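Chains here go by letter, A, B and C, matching the order in which they are written, and residues are numbered from 1 within each.
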Amino acid sequence: MRPPAPKPPAASSSSSFSQREPRPENPLLLLPSCRAAKLSLGCPLLDRILSGGLPAASVTEIAGESAAGKTQLCLQLALLAPQSPLSASALFLHSDLPFPLHRLRGLAPKSRPDILDHVLVAAAHSPTDLLSLLTRAQRLLANPGRSPHRLPIRLILLDSIASLFRADFDASPADLKRRSALFFQISAKLKELAYRHQCVVVVTNQVVDVVEGDAGNTVAWSSGRRVSPALGIAWANCVNTRLFLTRELDSASGIARRRMKVAFAPHLPERACEFVIRRDGVFGVEPAESRGCVLLRPLCYGATPPAAPTSCTAGTTTVLTSLLPIPTAQGSSSPLPISARPPRQPRRLGGSSVKCCGPVEQGNADTNADDGDGGSSCESDAGGGDGGGHGHDALVAALMEL
Amino acid sequence: MSATRGRSGGGATTSGCGLKRRNAPQDQEDSKMMNQDQPSTEDWCGRFWNGMELLKDVTERKHFLPTGLEGIDTLLGGGLRQGQLTEITGPSSSGKTQVCLHCASNIAAKQMGVVMYLDTSNSFSPSRVATIIYGISDLFGQRGFELQPKDARLKSVMRSIICESVFDIFALFEVLHQLEVSLLNDKVNNGGSKVCLLIIDSISSLLAPIIGGKYPQGRSMMISVAVILKKLADEHNLSVLVTNHMVSAGNGAVKPALGESWKAVPHVRLMLSRECQNNICTATVLKHTLMASGRTAKFAAPS
Amino acid sequence: MSYTGSAPASSSLYWKGMESSGDPHPPILAGAQNAWDMLSDEQSQKHITTGSGDLNNILGGGIHCKEVTEIGGVPGVGKTQLGIQLAINVQIPVEYGGLGGKAVYIDTEGSFMVERVYQIAEGCISDILEHFPHSHGKSSSGQKQLQPEHFLADIYYFRICSYTEQIAAINYLEKFLGEHKDVRIVIIDSVTFHFRQDFDDLALRTRVLSGLSLKLMKIAKAFNLAVVLLNQVTTKFTEGSFQLTLALGDSWSHSCTNRLILYWNGNDRYAYLDKSPSLPVASAPYAVTGKGVRDAVSSNHKRVRVT
């Protein structure tokens, strides 16, 4: 995948300082690989927002309140990675227990049960735990040779960073300092892995309420609250790209409108797109032309990036505040009947974040779309004989290997 | 204040002394003698000074060099004392460099002598100096000056500010050594030292990479710098101005950098601070050999 | 070194002497320059444009060579964009009013997105052609230079993954720049990242950083190039409240010549010149567009809002 540009000596022993002189790379030679090595979200609309997908060799954060679709998106990415041009295994590090295996199985295409072979899972319980896990992952990535049928790991998912830092940290300056030192260590490790092995790295984050201040691009309205991603400015310094998942409940129709917004990214303009969560994944929706679009902020990037020549003007380049329902969304999202939902599981840890979550408002249709993942897990339980078992073995194998 | 009095007076004293002297005779403070490498016997017994002579020396030769900033000049009783080491400390962008540039411009514009400017942070701005010189109205009162066109005047003034970039401690040692040699020769040849002000902006950025840690060499180099500077100041009747930055002292407060052992070095220590969003600087005397410390003065940061 | 024949006793003669002869002073220091010569040097210097006229104004024409400029701001405000913009703008050919130099980009954070660099290069070229419409008919050699690929290839890109590598790269720069004299800007994005990890010994960190900053100062002066350091923002606990400051602490704050702080004012981006030896404190709006950093169109905007 990498161009024949001079690259740092060997992907092995990466953190140790190499004795050779640092050699510059030529950005021109990096250009083709930079454009090619993007991980598609599996939906042309969402890909257009990201001008092709999630970039390799950088860290992307997906922030959003509970049930905004973060985990869903991660699971989807994990399954897409082996089928995408990236052709890679995914390493899924989760801090919220248990691992949503059912949802993963439910999302996996029935036709290809072997996909689950390429999802490696490990649990991290604390920041230090995560660091040691990443060190082991580094070895794994550096010496991929042991199982020839497995694709190389090119996708690392961490769900979620915020829940690792829930405990053990006070608001005292000393603790904050310790905390941000850990952020930077984790991020440096992730970025190093991302760069040395051209990995796509995705980290999810929760949100906290903000009362005042903090103008700019990290604040958004979601479920009627003014929120910004958790962990403060220290962590914001640690990611390259920040995607914000928000949702607004329409009081009239009770339908939640979800939006994915690029809060900041080195290569993307600030723009947003609506999406829905369906049983088979997360998909962007085209807002209808007729609806009034309100321009929230001066839109900075005028041009559409070259990767997406056909641009949907209304959807991708404007920020919508209109709360009207989208017929297309409703039509295509095929929400599960409420009866099909399993009894509500003990709340996912991701949902009950530090100080952010009031009770999640639940309109009717909203709950359906929201817990679509829960429903699909139920279904996959029923019909998941072959594929599921296969996947499970793979997971166990992966755990042992790691 | 006359520009030439200091120099010609100094010249008179020195020319009366033996030409072969390694050390200038006005080493009146014997503490300075401690540091000379193998002084010959004559040097050691050169002269003893009595109190009256010292007093005469002080009144005749140890002038105040006005900085051109009124607040600071009154605060320091006239400006920077020749023969002394003055330190300006303050947080980042509090106006330290501006005070240095002002001093240099003012001394040069009033033809008091040559200014040696050692710059460690590429912040010596010639255009800024030119602006300051234009702003000094005294320029027109100088004899012989009003005849010259404005540009030529500026040129001759600016030529008496000599700037050198110094980026590590060894380069500083070398520059100071060179300066010392040329000052000695100058004295011998011309009977007058022209350099009257030596500015180092900032001394702390040169010293910060080497002090601290478990090796004592850094500290000893810092002390050697201090000794050399004081010796230069004293022997050649220079005023030395250095800037020092401030570091966190814990719980949000700041203190001058370089620690306790440097604290004893400067004769005068002045702290600057600037309020946010305006140009009013406050100068506080932290230490002064003659005056009580703690007094403050406000002045408008030159803009 | 000869010290004879200069500086007569009388001061008026002395000053006249300075007027007439070319070099009136014996060199008090070999290699040192006097302020007058430095002034004429400085006036002949070209500055690197930021792409925004307002920003250039508060910076006195753009980013200055021979100086170290620190640019800080919250994530997403446009530090990296400005960094990339400068790496492109330094390459504007001399005949189009640029420096025609090359750039070194030291990336510690992985935010150097080549596709974005390509876009900014395209934007820069289209602006050049807009300002110099006559150049369309020029010879093919001039046109060949104005290719985004060309701009990309003239950036030396270093990706740094740890602070040891960062120290090594900065130490190596001196040698590298000696071999590549046409480099006119060095950008470090960001200088902070690896130094905020696990330096338990903060005194050691201070020493290392002040050593680095002296090296960068030296490079800027010796090779007549601009050094741009991007810095992050952190919260600092002072007097019972948390405030935003640039990272790396008080002692680092002294290690740059100029400091520019980027911030949000409502939904507009502003830059604030916080420190400069020669320029007054000032602020100006700017915008990040598809073409790169440009002037904010705030006046237009207000008009729209009113109507």
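Just so it is clear, contacts are C-beta pairs under 8 Å (C-beta built on N, C-alpha and C of every residue); 3 or more make two chains touch, one makes a residue touch a chain.
Not measured: the values here are computed from a predicted model.
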(message) Which chain is most central here if centres come from C-alpha coordinates alone?
(response) C
(message) Farthest chain from chain C, going by the mean of C-alpha atoms per chain?
(response) A
(message) Taking the mean of the C-alpha atoms as each chain's centre, how many Å separate chain A from chain B?
(response) 60
(request) Report the inter-chain centroid distance for chain A and chain C in whole angstrom, where each centroid is the mean of the CA atoms. (result) 35
(message) Averaging over Cα atoms per chain, report the distance between chain B and chain C in Å.
(response) 31
(message) Quick check on chain C: which residues sit in contact with 2+ other chains?
(response) 237
(request) Name the residues of chain B that each touch 2 or more other chains. (result) none
(message) Going by the contact rule set out above, which residues of chain C touch chain B in the complex?
(response) 1, 3-4, 6-7, 9, 11-12, 15-16, 18-19, 24-36, 38-39, 41-43, 66-68, 203-204, 206-208, 210-211, 213-215, 217-218, 220-221, 236-239, 249-251, 253-257, 259, 274-275, 277-278, 280-281
(request) Mind listing the chain B positions that touch chain C in their complex? (result) 3-4, 7-8, 11, 91-93, 97-98, 101, 104, 108, 111, 114, 116-117, 120-130, 143-145, 148, 152, 154-156, 158-165, 167-168, 175, 178-179, 182-183, 185-186, 189-192, 194-195, 202, 204-206, 208-213, 245-248, 252, 254, 257, 277, 279, 303
(message) Per the contact definition, I'd like the list of chain C residues that touch chain A in the complex.
(response) 74-77, 80-81, 84, 104-105, 109-119, 149, 152-153, 155-162, 164-165, 168-169, 172, 175-176, 192-194, 196-198, 232-235, 237, 244, 247, 264-268, 287-291, 296-297, 301
(request) Spell out the part of chain A that touches chain C in their complex, as residue ranges. (result) 8, 14-15, 17-18, 21-22, 24-28, 30-31, 34-35, 51, 55, 57-59, 173, 176, 180-181, 184-185, 187-188, 191-192, 194-196, 215-218, 232-234, 236-237, 239-240, 242, 263-264, 266-267, 269, 296-298, 300-307
